[in-house]
Amino acid sequence: MKELFAILIGAMLVENFVLTKFLGICPFLGVSKKTSTALGMSGAVVFVLVLSQAVTWLANEYLLVPNKLEYLQTITFILVIAALVQFVETVLKKLMPSLYKSLGVYLPLITTNCAVLGSALIFVERDYTFVESVVFGFAAGLGFTLALILFSGVRERLETADIPEAFKGMPITLIAASLVSITFIGFAGLIIS
Amino acid sequence: MFKEIIKPSLILFLVCAIMTGALAYVNSVTKPIIDENNIIAEQESLKNVYNDADNFLDAKTAEELKSEGIDVGDNIEKIYTAQKDGQSVGYVVAVFSSGYGGQMKILVGIDNDLNIEGVSLTNHNETPGLGANAADPKFTDQFLGKAPETTYNVVKSVPNNENEIQAITAATVTSKAVTKGVDEAVALVRLMAGGA
Amino acid sequence: MSIIIPVAVVSGLGLVFGLGLSYASKVFEVKVDERIGAVREMLPGANCGACGYSGCDGLAEAIVNEGVHASRCPVGGISVVNAISDYMGVDEGSIDVNVARVLCQGNCDNVKMKYNYLGIEDCHAANVLAGGMDACNYGCLGLGSCKKVCQFDAIVVENGLASIIAEKCTGCGNCVAECPKSIIKLIPVLSGFTVKCNNHDKGGVARKNCKVGCIGCQRCVKVCPSDAITMVENLAVIDPQKCTNCGQCAEVCPQKCITNTIVKRF
Amino acid sequence: MAERKKSFSVLLNGLIKENPTFRLLLGMCPSLAVTTMAKNGLGMGAAATFVLVGSNLVISLIRKIVPDKVRIPAYITVIATFTTIVQLLMAALLPEINKQLGIFIPLIVVNCIIFARAEMFAQKNGPFLSVLDGLGMGAGFTLAITIIGSVREILGAGTWMGIPVTVNLFEPAIMFILPPGGFLVMGFLVALFNKLTNKKDRNAECETGCGVGCPGCSKAVNGGEA
């Protein structure tokens, strides 16, 4: 149990996906304009991350490793993730239209989200067990949410700031992101033994 | 019914089949080269921790050692036997240790009568410029020579006796991690050399 | 052979997913009227919300399901409205395409200043401090809040006064809602003459604060042949429907705040 | 003549007008993570260009026969295949660059540039133009991340492509090698890029609005609602 807790805190703070491992930056910068959109996006990411970790782990354990097909990892994982996302989208659109309205718009964005495939490749590298990799996915999703909401608050305050002409839009967001990521460097020394 | 369900799945099946076919072909071509590269790289890394050995038997993993009844620390990954013109003169131990930036792998070359031939960090993600300095010889050469009966201890100031290792400034966590790894390797070899 | 197994594994997966996905999209098919897609294609797609719906998808749905007239989308202009109306089999009908106009000429030279404002470049911020730095409390502050919300780059702010480029303006109305002084009004494009002032103070006070403000002298009301001008608390207002663009009011106005902005749009 | 001019403009388009990294802000993950050294940027850029050209070519060939229901999985499989081919070639031919680029070679698959170009361009144009676009975009990406790599390496480690440049001039600031430095350098470079190119097409919305989520594209940003 202690081991799971270490993974949870590790993936959420020490190895925060967005701010230290640089995974999932595209949606992070793209959708953090408003906190409401940020919430919707992070909900979708956590949901898909947990599901995809479970399915990719099973695919890896029972399909790839027995037949010594490690080099097929990338293609299998991304195929699984793309199919999973599309499946979730169609199901959500039919069964829970309201949830789809707030959450579903971001689902196609997640297929191309580096964090999802990144976390799948990481659990292979560290050969986590099934439960560990799902917890890792969940923690990574939480880390993503934490960073996204934190950052969308910052960005909303940026709206009223007085920014030089060339810096308007994306440059000032990137500089703000660098300051936020400095705070997460502080967690680097945290060793959870 | 056909158009809706069978056609898309057939096309996806075909696309996957063709693509994986190409992939498998490329893999079958590159596989031997990659394995060769890996072996060369491995031999090289072993060589630079134990340079007067001329070949290394393939490694025994921790499980194999356990089955032989040797009580192996849980950080040990595997152990190679080093040979010099035919006889085994020592070992190279691959051991894990958790440093500042997470897990790192250390190779330690030790000969039969327990003096250390070389230490090197193979893969780590310590902070560049700080913890990463543990990888260069200035720090690792301190381990060369006779291994102490007890363990090393890491000091901040200039070491005054054989068993003390000077930590890298602002990277004590990394220095301690490397030292702990070397201690575990020495303990294992003491067991193996003593026993074998 | 080392090629058959991987091909079998991945394409097997591909087949399973292909079947799964197409089966799912068949079972969980949400009955979507394909006309919505077609109408959505014809709409400009700027998602500006001028039609009052949540973007073009919302409007497309309304047009197909609730029979809303396509002219609700001011951004597209006549071409879009005609195309959609033909597609839906509805008559185009007359459309009153509006253009936004700033009813104020108070730039830095014309209007006196109460205080020197160095704060955030945003009209709402300035407006909080005693109604902004202009002596005339109704005038344009020229800090560009309207410019920020205009999706079509149709607003230019110079010398402390916002002005709207009629050719670019699509009448989406975002700026009207944004302006804290609410001095931007949507006026039918064909009506040329408007009173470029929003000041309800008495004549004497208005003259002191701004050189080009309406002082409520009522000359324009007397001279207008189709009496399209009415006085609303010391401010002349021209009713676009009645106004015949004769232009006599502009000549007679001592403050020169009635201007002719006829725009050749369609 | 028009045909050649168009294809030439498609090629150049990727370099400046629609530079994927500085203008469309695509492929942010690799361009921030790998560019601790200029040499890495070059290696990563070359690999990404190979995958981009290959996948654009194949996708533009099969775009007519792939039904819409399985469009995303099919395209992703094509991109993944090319990525794995690059991964294998890299491991076989250039082992030392492969060691540095590590986890980021497989991540080329989800590199937004490739999927975005597949959706935006290869989906609508013929193979010849798509290959050109792939080359242009790849070159633009390589150029951009090599610049970022060089800036971060000079400031952070005092060397350029391994040659010590400013190591004795000033004490290198390690911060530029760390993640925050990446964001900072990227921010300033995008600002510089905006300053150089005129303001007009700076807020050029990504016209197709395919919702791939590229940060520069306002359609994805307000997530559909007004």
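A few points about this structure:
Lettered A, B, C and D in written order, each chain numbered from 1.
As a working rule, contacts are C-beta pairs under 8 Å (C-beta built on N, C-alpha and C of every residue); 3 or more make two chains touch, one makes a residue touch a chain.
Given the structure is predicted, the values throughout are model-derived calculations rather than measurements.
Chains A-D form the pair with the most C-beta pairs in contact. A separation of 31 Å divides the Cα centre of chain A from that of chain B.
The distance from the centre of chain A to the centre of chain D, each centre being the mean of the chain's C-alpha atoms, comes to 20 Å. Distance between chain centres (mean CA atoms), chain A to chain C: 39 Å. Mean C-alpha position of chain C lies 38 Å from that of chain D.
Of all residues in chain C, those that touch two or more other chains are 6, 9-10, 13-14, 17-18, 21-22, 25. The multi-chain contact residues of chain D, meaning those touching 2 or more other chains, are 69-70, 73, 77, 80-81, 84, 88, 178, 222, 224. Among the residues of chain B, those in touch with two or more other chains are 8-9, 11-12, 15-16, 19-20, 23, 27, 127.
The touch graph of the protein chains shown is complete.
Looking at the complex, you find that chain C touches chain D at residues 10, 14, 17-18, 21-22, 25, 45, 47-49, 53-55, 57. Note for the complex: chain C touches chain B at residues 2-3, 6-7, 9-11, 13-15, 17-19, 21-23, 26. Those residues of chain B that touch chain A in the shared complex are 16, 19-20, 23, 27, 98, 100-102, 127, 173. Across the complex, chain D meets chain C through its residues 69-70, 73, 77, 209, 219, 222, 224-226. Touching chain B in their complex are the following residues of chain A: 15, 71-72, 75, 79, 188-189, 191, 193.
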